[in-house]
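Single-structure report; data block below.
Chain lettering (A, B, C and D) follows the sequence in which the chains are written, and residue indices restart at 1 in each chain.
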Amino acid sequence: MLANGIYLAKLRLVEPFESYPSPAQFVMVWVPGVKEMPMSISHYSCDGELTIVFRVRGVGTQKLASIGIGSVLGIRGPLGKGIAIRPEWKRVAILAGGIGIAPTPLLVSALTVHGCETHLFWGAKTRSELFDLDKIFVDKPDRIEISTDDGSYGFRGTVLELFKSVANVHSYDAVIAIGPNPMLRAVCEDMELKRIDPMVVMETIVKCGRGICGSCYIRGSTKLLCIDGPAFRCSEVMHHLRSLD
Amino acid sequence: MVSKLSVRVAGLHLEHPVMNASGILGATPEHIERLASYGFSAIVTKTITPQPREGNPPPIIVEIPNIGLLNAVGLANPGKNIVPKLVEVSKRLGKPIVISVGGSTPSEFLEVASIAEEAGADAIELNLSCPHAKGYGIEIGSDPYQSYEVVKTVANSVKIPTIAKLGLCDRIVEVASKVLEAGAKGLTLINTVRAMVIDVMTARPVLSNVFGGLSGPAIHPIAVRVVYEVYRELRPEIIGCGGVVDWVTAAELILAGARAVQVGTALMWKENIVYDVLIGLRRLIEHFGVRSIEDLVGYSHRV
Amino acid sequence: MVSKLSVRVAGLHLEHPVMNASGILGATPEHIERLASYGFSAIVTKTITPQPREGNPPPIIVEIPNIGLLNAVGLANPGKNIVPKLVEVSKRLGKPIVISVGGSTPSEFLEVASIAEEAGADAIELNLSCPHAKGYGIEIGSDPYQSYEVVKTVANSVKIPTIAKLGLCDRIVEVASKVLEAGAKGLTLINTVRAMVIDVMTARPVLSNVFGGLSGPAIHPIAVRVVYEVYRELRPEIIGCGGVVDWVTAAELILAGARAVQVGTALMWKENIVYDVLIGLRRLIEHFGVRSIEDLVGYSHRV
Amino acid sequence: MLANGIYLAKLRLVEPFESYPSPAQFVMVWVPGVKEMPMSISHYSCDGELTIVFRVRGVGTQKLASIGIGSVLGIRGPLGKGIAIRPEWKRVAILAGGIGIAPTPLLVSALTVHGCETHLFWGAKTRSELFDLDKIFVDKPDRIEISTDDGSYGFRGTVLELFKSVANVHSYDAVIAIGPNPMLRAVCEDMELKRIDPMVVMETIVKCGRGICGSCYIRGSTKLLCIDGPAFRCSEVMHHLRSLD
């Protein structure tokens, strides 16, 4: 357990992935006899150790949090497209909301390898949902700023408010936001005004993960999150994010 | 000018013989648009039931490397009210649309079929063969009399062509004959085959539904056989389905007797499969020195 | 000492659960000797009919890469008089022998079964399920009443155990229930599935017999499903067959409910498969912390 | 046509063989709609041109002889084990009877590549069954001797008699005989007296070619010709050859 209701799990794969996962790629985690759920890849070491970070929401994540060391899970992946890091990125801002922190270690590592400076802005509801980021990061972000909605730790307010108050969006070559859909919508709408088209790492309902069942579709677009995402440009998913209320 | 690849099947005039198989996307307007972008000559929707169905919780698929796919989506669909929207987007894109219809009684099938007709769909495909959604499929489709009843009820009431989609069963020729007698204009052969996968390290069936339908390469030789047998006995208009992964597998179904083919599982690996198939079929037409793909329908019975 | 891998099934006491599947060799004393050298715990003969059968002319097989094999050997066998010689060599090698018996009427089955009993065979496997030898198989095996008659006739007359080998059919649970009622001590599930391959460059069916039986990886998920369903409903003694290519595929059948497994097609690729399977099964016994492989039979129904 | 009833066919494979065939390996040749027959590989070029040499015997070979250029055949193979050439072989005698000449070009080429001297002894019934060996050999044998049973060409007598009269078996490191079973039996029995165990390339009925139907079994042994042969030591097949009368 990392924090209240937030867990880290290290899984040893029977067969290592065929290729090293890209940031934002995910796996389907099968808790035998219970269910299968999409989970971001937080970290992966080439010998086949996969790290996931998750928040308990319902029966699946609850069960996942309670199974013991040595239990057998099923893993399918890596799935999705992942974020392709551009050579011209020299400094990137990452806005993570809540459990949106999960995929950021892999993302920061990939950016770091590419010689890119990373600034992480992490917002949570309250202090008890925060934890020591050293526990999940293999490569550390160059800057970390934290907010809580209730001000119980760090900046009081949302992660977008934090970002706007302590950083200048124009000093970044890219902005990548990860978190609940309302947050992503807020980020996209805010940046739209500044004529910036950030990347957002989204969630929809993923069932097959292979582009055939259609459950993960992005409204108002022909995209499927499980094979085209989960990272999109705001411009690709605005209709979807707006249609969710 | 009619191209070498254009075909008529069950009253549909198609630019070429490659359609998608029902259930691979096809449940929302967005899905229809994506399927259209794959280049299919007609769009077949996900099987639509009168009421929305949640479907099964994941795992709903198991990939079996090289062999195919096991799925138990469970006929998840938004229910009959989606039909007009699906038809509308397909029309806008200039693609004929076939509404796949599911139900547990003849009147449920009719309920959706009527909406489809009203909405302007080009044809109806009656799913008589889902092997894993209890009461909604193969129990009907393996019984000649129940199949007859469903097809008769629908074909008597709607004017657009009714296609019956059948699955693997002992008396497939007899079932085929009965549904044609009941008014089906064509047959889609075949649906998935009931199967299961167990995870040996936990001893648990992988699919939440335990049983699923096997599709992809594994069932292709079975599909070719069913198409061949049914064509040989009845010469109906057939849409071949099962394990089409390239032009060769498509051609086998056509040579066995199919006028068109549907592609499902292969989309998981090869989104550009339609063009792959069409290029191959065009070469095959030249190879045999015939005028059009229609001349190759059932050709194996004539050589 | 009884090993962790020894099993009893249908009256046979086996050193381990891996037998060969009927029809992969098994028609001459030389074949029996070769099968014994592969390490099987019991030898199953080729299906023997009263009279010798030539079988079909080549092509009798088509390999479908990764997927499996299509065969139409056509029950080629030297006829009933070979049976005593087959039994003799197997006894000399210390292996239990199961005579696979074929016929087109109950009395034909009995004819061969009686010779087998006299010769000292350990059991009889009635092939009620060949999908491509007309009148000799699945037509009987998909009909509960005909199957019942054949099994009853044989089981009433011979004292050695009668095993019924069934194929894929709509009413598999019903057929299984009838043959058990008729006196079968065990069931072998499943035989090959009727299928065909067409060569697209010539448009010709490849097999001389047009139709053949599909075996190997393609039918494994179907076999697991059939074993699981039949075990769930009837808890009979099952020998699982279909697509066993390694310990995992063998284990799936056992977890689904099989007490033993048979290996056919995989011998084409892996003559040392028996040891591969046994090593894996031994590890699985440890993994689950049970005493013997028998504890894992049908384990998937209990987790 | 090479000679009376004997044909050569060059087949272009759609997909080249995965590996270069060894001498004595064979293919199954499918004449669509007619039948499938085992045929030795006479020659193979890496770009996928396969040469077979065959004698018309029944409906299958008849049809094969009559089909035109551009026809489509089915080829499965290479099948069988093929002859493994030993480094200690410096000089090898090849005794071919009749159409047993078919696999010798590939055999001579393989031996030649290994720096081995090859002496070919070829026997036929009569002159009309002979043809110019240059038409089939890519690498020429170092010595060629020919016999006919009726003396209409070359030595009068069987190939075994020819061999015994013009060569000294002890001057060879290996003897390989290819031909009808009675000839192979005669060779084996003759050599047995000299305590030599030649190799024989045999024929049995091959149907599946993959070790499962059993039609090609060697009597009195656990061997299958299609996967263990078609080349055997005399000692392995003596029982079989003797049981054929």
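Please note the rule applied: a contact is a pair of C-beta atoms (placed from the backbone, for glycine too) under 8 Å apart; a residue touches a chain by one contact, two chains touch by 3 or more.
Fair warning: this is a prediction, and the values are worked out from it, not measured in the lab.
Participant: Common contacts of subunit C and subunit D?
Facilitator: Looking at subunit D and subunit C together, no chain touches each of them.
Participant: Measure off the straight-line distance from the CA centroid of subunit B to the CA centroid of subunit C, and report it in whole Å.
Facilitator: Roughly 33 Å, centre to centre.
Participant: Distance-wise, how many Å sit between the C-alpha centres of subunit A and subunit C, to the nearest whole number?
Facilitator: 51
Participant: Based only on mean CA positions, could you tell me how far subunit A sits from subunit B in angstrom?
Facilitator: Centre separation, subunit A to subunit B: 38 Å.
Participant: Could you put a whole-Å number on the gap between the CA centroids of subunit A and subunit D?
Facilitator: 67
Participant: If I count partner chains per residue in subunit D, which residues reach a count of at least 2?
Facilitator: 33
Participant: Would you please write down the residue numbers of subunit B that are in contact with two or more other chains?
Facilitator: In subunit B, the residues touching two or more other chains are 201-202, 204, 303.
Participant: Just say which it is for the chain contacts: an open line, a closed ring, a star, complete, or other.
Facilitator: line
Participant: Can you list every touching chain pair?
Facilitator: According to the stated criterion, the contacting chain pairs are A-B, B-C, C-D.
Participant: Residues of subunit B touching subunit A in their complex?
Facilitator: Within the complex, subunit B touches subunit A at residues 23-28, 30-31, 33-34, 37, 46, 55, 57-61, 63, 71, 73, 76, 199, 201-202, 204, 206, 208, 264-265, 267-268, 271.
Participant: What residues on subunit A touch subunit B, complex-wise?
Facilitator: 28, 30, 32-33, 35-37, 72, 74, 76, 206-215, 217-222, 224
Participant: For the complex, give me every residue of subunit C touching subunit B.
Facilitator: These residues of subunit C touch subunit B: 64, 66-68, 70, 142, 169-171, 193-198, 200-205, 210-211, 214, 217-222, 224-225, 228, 248, 251-252, 255-256, 284, 287-288, 296, 299-300, 303.
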